[in-house]
Amino acid sequence: MLIFDDRTKIVFTGDSVTDAGRGRPVGEGLWDGVGSGFVRDIDTMLNVYYPEKLIHIANTGIGGNTSQNLLDRIKPDLLDLAPDYAVICIGFNDVWRQFDTPALVTHHILPEQFEKNICAIIEAVKDNVRKLIFLTPYYMEPLKEDAMRARMDEYGEIVKKCCEKYDVQCIDLQKEFDEYLKYRHSSFIMWDRVHPGHVGSMIIARAFLRETGFDRQLV
Amino acid sequence: MLIFDDRTKIVFTGDSVTDAGRGRPVGEGLWDGVGSGFVRDIDTMLNVYYPEKLIHIANTGIGGNTSQNLLDRIKPDLLDLAPDYAVICIGFNDVWRQFDTPALVTHHILPEQFEKNICAIIEAVKDNVRKLIFLTPYYMEPLKEDAMRARMDEYGEIVKKCCEKYDVQCIDLQKEFDEYLKYRHSSFIMWDRVHPGHVGSMIIARAFLRETGFDRQLV
Amino acid sequence: MLIFDDRTKIVFTGDSVTDAGRGRPVGEGLWDGVGSGFVRDIDTMLNVYYPEKLIHIANTGIGGNTSQNLLDRIKPDLLDLAPDYAVICIGFNDVWRQFDTPALVTHHILPEQFEKNICAIIEAVKDNVRKLIFLTPYYMEPLKEDAMRARMDEYGEIVKKCCEKYDVQCIDLQKEFDEYLKYRHSSFIMWDRVHPGHVGSMIIARAFLRETGFDRQLV
Amino acid sequence: MLIFDDRTKIVFTGDSVTDAGRGRPVGEGLWDGVGSGFVRDIDTMLNVYYPEKLIHIANTGIGGNTSQNLLDRIKPDLLDLAPDYAVICIGFNDVWRQFDTPALVTHHILPEQFEKNICAIIEAVKDNVRKLIFLTPYYMEPLKEDAMRARMDEYGEIVKKCCEKYDVQCIDLQKEFDEYLKYRHSSFIMWDRVHPGHVGSMIIARAFLRETGFDRQLV
Amino acid sequence: MLIFDDRTKIVFTGDSVTDAGRGRPVGEGLWDGVGSGFVRDIDTMLNVYYPEKLIHIANTGIGGNTSQNLLDRIKPDLLDLAPDYAVICIGFNDVWRQFDTPALVTHHILPEQFEKNICAIIEAVKDNVRKLIFLTPYYMEPLKEDAMRARMDEYGEIVKKCCEKYDVQCIDLQKEFDEYLKYRHSSFIMWDRVHPGHVGSMIIARAFLRETGFDRQLV
Amino acid sequence: MLIFDDRTKIVFTGDSVTDAGRGRPVGEGLWDGVGSGFVRDIDTMLNVYYPEKLIHIANTGIGGNTSQNLLDRIKPDLLDLAPDYAVICIGFNDVWRQFDTPALVTHHILPEQFEKNICAIIEAVKDNVRKLIFLTPYYMEPLKEDAMRARMDEYGEIVKKCCEKYDVQCIDLQKEFDEYLKYRHSSFIMWDRVHPGHVGSMIIARAFLRETGFDRQLV
Amino acid sequence: MLIFDDRTKIVFTGDSVTDAGRGRPVGEGLWDGVGSGFVRDIDTMLNVYYPEKLIHIANTGIGGNTSQNLLDRIKPDLLDLAPDYAVICIGFNDVWRQFDTPALVTHHILPEQFEKNICAIIEAVKDNVRKLIFLTPYYMEPLKEDAMRARMDEYGEIVKKCCEKYDVQCIDLQKEFDEYLKYRHSSFIMWDRVHPGHVGSMIIARAFLRETGFDRQLV
Amino acid sequence: MLIFDDRTKIVFTGDSVTDAGRGRPVGEGLWDGVGSGFVRDIDTMLNVYYPEKLIHIANTGIGGNTSQNLLDRIKPDLLDLAPDYAVICIGFNDVWRQFDTPALVTHHILPEQFEKNICAIIEAVKDNVRKLIFLTPYYMEPLKEDAMRARMDEYGEIVKKCCEKYDVQCIDLQKEFDEYLKYRHSSFIMWDRVHPGHVGSMIIARAFLRETGFDRQLV
């Protein structure tokens, strides 16, 4: 049974995977306010399949954000919006910058710092919402010996570990993509193996809905 | 069981409801080539839920088209693309122009002509594809005494009648929206009651998938 | 006899119906400063038919405004401009958001609050101008069982009630459109049933001029 | 009584005064297709005051045209559109170029040629329409000793003379503006004394409607 | 003999006639910094004919300015630039607004106020520069019975009177245009009779250079 | 005495030095039709100083043209315009490409070919106009040992030689710039030493007017 | 010793890796005419290190091209330009489309067809140039079990095989990138593993120069 | 041996030669953050040839800067970025403005002031970085009697003198260009003789790398 109650509010936040061109300052309401990514897919699916429930969805993801950036703005961009439910997907840029701009070492968020940031975010949010849900970062690369995939797995484990510690729900997106990549090459979803495009967004939305109690027939 | 076979091609055509900003000259392939409307939703859902099947989807809808415009271009924009399956959604503009530009009477496609056009399209396409599917035009207005709704119903009936005559599958989209509008006001979907937006596109996609044998669990 | 005296100033304010692309910060003067909606039609008609009178018209409507937004800016955008006459048309968005974004319940202005806002606006303005005129919000939908039409009627009644209470002139625009819609379908005026376009703007201007004493022959 | 019958078509043609940003190739239908000048005002007024009549209005004015340009395209842009009524307003550029680019003498249309062109236009159109109406060119300059005003008067007389010869209705716009300019300076209407802006367009529309039998009360 | 010494600075200020698209915040230096109007013509002529003299020219005209606007910014935009010579051309908008927006009476600068402003500007500038030069506003209309021409003459007289009172040089631009308009119609220079275009700018530059001692042969 | 008669036409053609953003297809008439370079300066000066003469000026320069390009289009772009006077300035690109793209040898117009082209142009034009005038190409570099300056001198000599052979007037622009560069560095006129900017354009115009009989006082 | 002689011409052609925003119709000459990719790096390096040699470089790559597209335009875009040397880099899109748009099977160029196309290109070009050089397509992915890498290797082998058969020089770019990817992750060069960016372009240029006899000291 | 250590940071600063469209506020990281000039070439070459070293390159050049501007922002734009190595190239605009805008004398930085500025910059930076390197300004003009070349030589000497005084490394770019200009005309590199374009940027990068110990084989 869908865990989101009627007339409640869910705020999604994170980086470009979440952002997806959302409106500013808060991504909500008319005209693609929630962006064109997985948040929109979730919004659309809830509206189509649960028309009797009114669920207010808002998006405050910001492209390029690391866990540090998110922590720094967690009050205005999450807590001040007074969500009933909070959904956070962060960590891509913490990892990616170590590979695409390896020389800018002062900009990198290393595992120790990442863990501190995730824990700090959880502590700031947890008791202020009815429920907090984390989505792990992922890399759409099925070969685990790839250096960035390996690093991303490490960061995904940190997210899972922190969530476990504070008893926060955590949805493993890497697992979803690993399953899908048995059928299609990563370049089918997106050349850069990070931004999810239409297919990847729906894969994320599917996982999210499944793990939050979606119980309608598709057709 | 999904009626579309692996490694086959479906061409969708019609007006702006189908078009939705598709690529030119043929809407297919990378970068929203199929547009951002219900065709994309169908494409996405098939790719997400049937990753083991490769289904080539193309879109040749053109915004503003009437049944007459479509008939005039049926060869280059449908037959020449050699689809295995053809899906057609037409009639909105045939009706709408009678209401938003009532004085331009020479531009109106009246019922008799509409019926001739639909039949001519069916005759041109039917034997050249494995399967032809029509989607009825609709008006997102639940009150049947509204003049445009009444007229649209008349045109929808013509589509259904022609399809029956030639034994062509016809999916009644008006019924889908009537059901949905029990819960939400039309302005939630789209202020103009015609263009489907994200929610309406998914409603169309849902009906289409259900009627073409979609058989996977959503979550 | 025209109630507006020579060398006086009328300020119109409200939402997008009033705004219509007016100049910023104050919509007045050269180059469509007053916008391209009903305010311009009124300005044009007064200039054409009463060339011997100089009437300064200014527009401070802001698209998307509710009665709450208008109340919050009533001092800088109306009182500080020192109008002799003030004309206010508000309430569309108070109603519309309840239908097009029903889940964003915290953004909705419900009837009780709407009534408070209208009264507060009247109290703030009434004694600071020679005359205050309200225009009721409307919905270009003739079928009264439409949910949004019904709600708009409720809000229109509140405007009328408040005006009566404070002895403020109130022009019923819904009645004007109801009359017109006996001849044409709403989609002839505007697909969204709210923004008035050229025909609807002239209908509003006609009602306004009639109720303010216009007494010239049209031709 | 309005001379235009229900379900008939009026085509307006001429230069930029008529054009006013109309749609291409034919200015008609949705979205300011008829432009934003006096043709739109006429269209709006007929729709507002005669909602029971459906009058198809089209505009084929082209900015910068002289009588020669118009004559050269009279078939595709007027006759081929099969109007019931034709309205022509031409001559501004025939005169203006003699003053703003006096050295480009080979581009000027002198009186003798202008008269030939007007007569040729009348002969081409007259028997192919139910009624042909000319609007004289004008110069928004009340001082008749101004050289361009004097020249424009000369061209206006030619239009009137030709119309009289062929028994075609001719509406004297110069007279309308002369009356208005007793109250306001030309720069109030438009700095260039030619393009009519909102006020001038309504003045033209008013004259046109009066001379074609408009018989409704304004308010 | 040219009154401007080598290695000195001239600042021109005023309204759009001076501005002509100059650079911001100060119009000087490379790439049309001085705008494309009469200031540029003066700059070009001095550079071409007096290459042995280095004269720093700057332009701080702002389109739409009245004498009031100029007075309000005389310190930052003229005095603070420490010119050796100051050239001011103002008054067009003081007059024009009385004719093109006659109803906005609170925006008009009437003669009494204009005279006060001009005197205040002179008093602020006079003793801070080596020489102050005024250019009278003008209207490119040879018929003195035109209402705006008459009003402009009145304002030109005020400029001359103030200059005389403080012993400031004043160049009568109206006289220059009156002479030129014996040969060409105002629409040859500019349709609006105010902005000088290429020919009018050179006429102003010619007057300015003549009155400041230009003594080179053209060829 | 000015050699150009009243009511005659001068066509200027060449490359970007002449073109300067002129209108297409023919650069003439309103709105900077003649471009913003030396042709405009000549046009402006003739209009300001000889208001009693009407001289039709047209410009068909095309940026990047070599003598070969010009020869290839001499009929449509010069002869077909039926000028009374023709003015040609060509050769910059014939030389420049040898220096800025030295490896593209097949694109270079070498001296022998250049001479053939100039002679062919003269032969095509000479007897079809009242007078033909050539302007030599130049390089704004005073040091004759510069390789490009030396090459440009060679091409300038070819132009002069051809003109002498056919008794065509030739104005030596290099001499004009050499004189000016005694006072200012080339970078004052233009960083690239070819395009003349405002100062260089007026220098060209001055030379042109002097050599064609300009006889008015500058001030 | 550099194999390219003085005053000769090299034409590079292929797909987006070659194209890189080159000028149209032929990419050569001023202003990044050769694009901003590896062709420009080669052009720059030859100009910097061999200033005594003039080598005309042109680029006719077209983004998105497959071997089939290139074969179809080999005459106008390579042979008609009369190169002394021809350099071809093709095959990326033949492979990529099989992975990013797997359902569009009719658009795929399979190995057999690819081999035919490469051979046909070689046969068309070989005897018309002094030297033909092929660059193999590559995938910036070091893990050979990646499906697209494996497929790209297959196509690279075909290129090498065809070159061997006709005795054409072939430079193995995959080997170059494999070497580099020992140090950096592919996302350092480009997220999509195909377009080379600045670092990848220089890697290609380095390989090209080494294999064509570059013999200068870098510093 | 390359003087730059692994995991260190180099900040380049100066004017447009350095800037070259870099990112703001600091030019570093993804997407041409370092600009498209010589800094990018250095970045690319170090990455290609020393993939085992991670060197963080940042660019804070600002187009149009003089030594005065640079001195004024040396703290935020250089010191606060905590570079290990600092590279400065300044002086072009100090000289250029004396030639292209000779009349704006108050904007010129004369030799005495330039020397003070360079020394002040050195004093501010020297002890805060591991190594400071200056690049002399240059003028791509081989003829030393050119006035601007002579002036630039004077400024280059000042840079060298200051560097010598403080024992700072100084790379003489003028010498590099002088050598190259023996083969090609300045217009091959850039028409304005200052901005280096692709070839000039690589010439600067080559000099820089040679003087900082680059020791790899090019091919």
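Just so it is clear, A, B, C, D, E, F, G and H label the chains in written order, and each chain counts residues from 1 on its own.
Here is the rule we use: a contact is a pair of C-beta atoms (placed from the backbone, for glycine too) under 8 Å apart; a residue touches a chain by one contact, two chains touch by 3 or more.
All values reported here derive from a predicted model rather than from experimental measurement.
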- Task: If every step must land on a chain the current one touches, say how few steps get you from chain B to chain H.
- Result: 2
- Item | Separation of mean Cα positions, chain G and chain C [Å, integer] | 65
- Item | Intercentroid distance (Cα basis), chain E paired with chain D, Å | 40
- Message: As a quick test, compute the distance in whole Å between the mean CA positions of chain A and chain H.
- Response: 44
- Item | Junction residues of chain F - those touching two or more other chains | 100-102, 184, 188
- Interchain contacts (touch definition) - all pairs: A-B, A-C, A-G, A-H, B-C, B-D, B-G, C-D, C-E, D-E, D-F, E-F, E-H, F-G, F-H, G-H
- Name, in rising order, each residue of chain E that touches chain H in their complex. 7, 9, 28-30, 54-57
- Seen from chain C, its contact residues with chain D in the complex are 40, 43-45, 47-48, 51-52, 180, 183-184, 188, 198-199, 202-203, 206, 209-210, 214, 216-219
- Task: Show which residues of chain H lie in contact with chain E when the two form their complex.
- Result: 100-107
- For the chain F and chain H complex, residues of the former touching the latter: 96, 99-102, 143, 145-148, 184-185, 187-188, 191-194
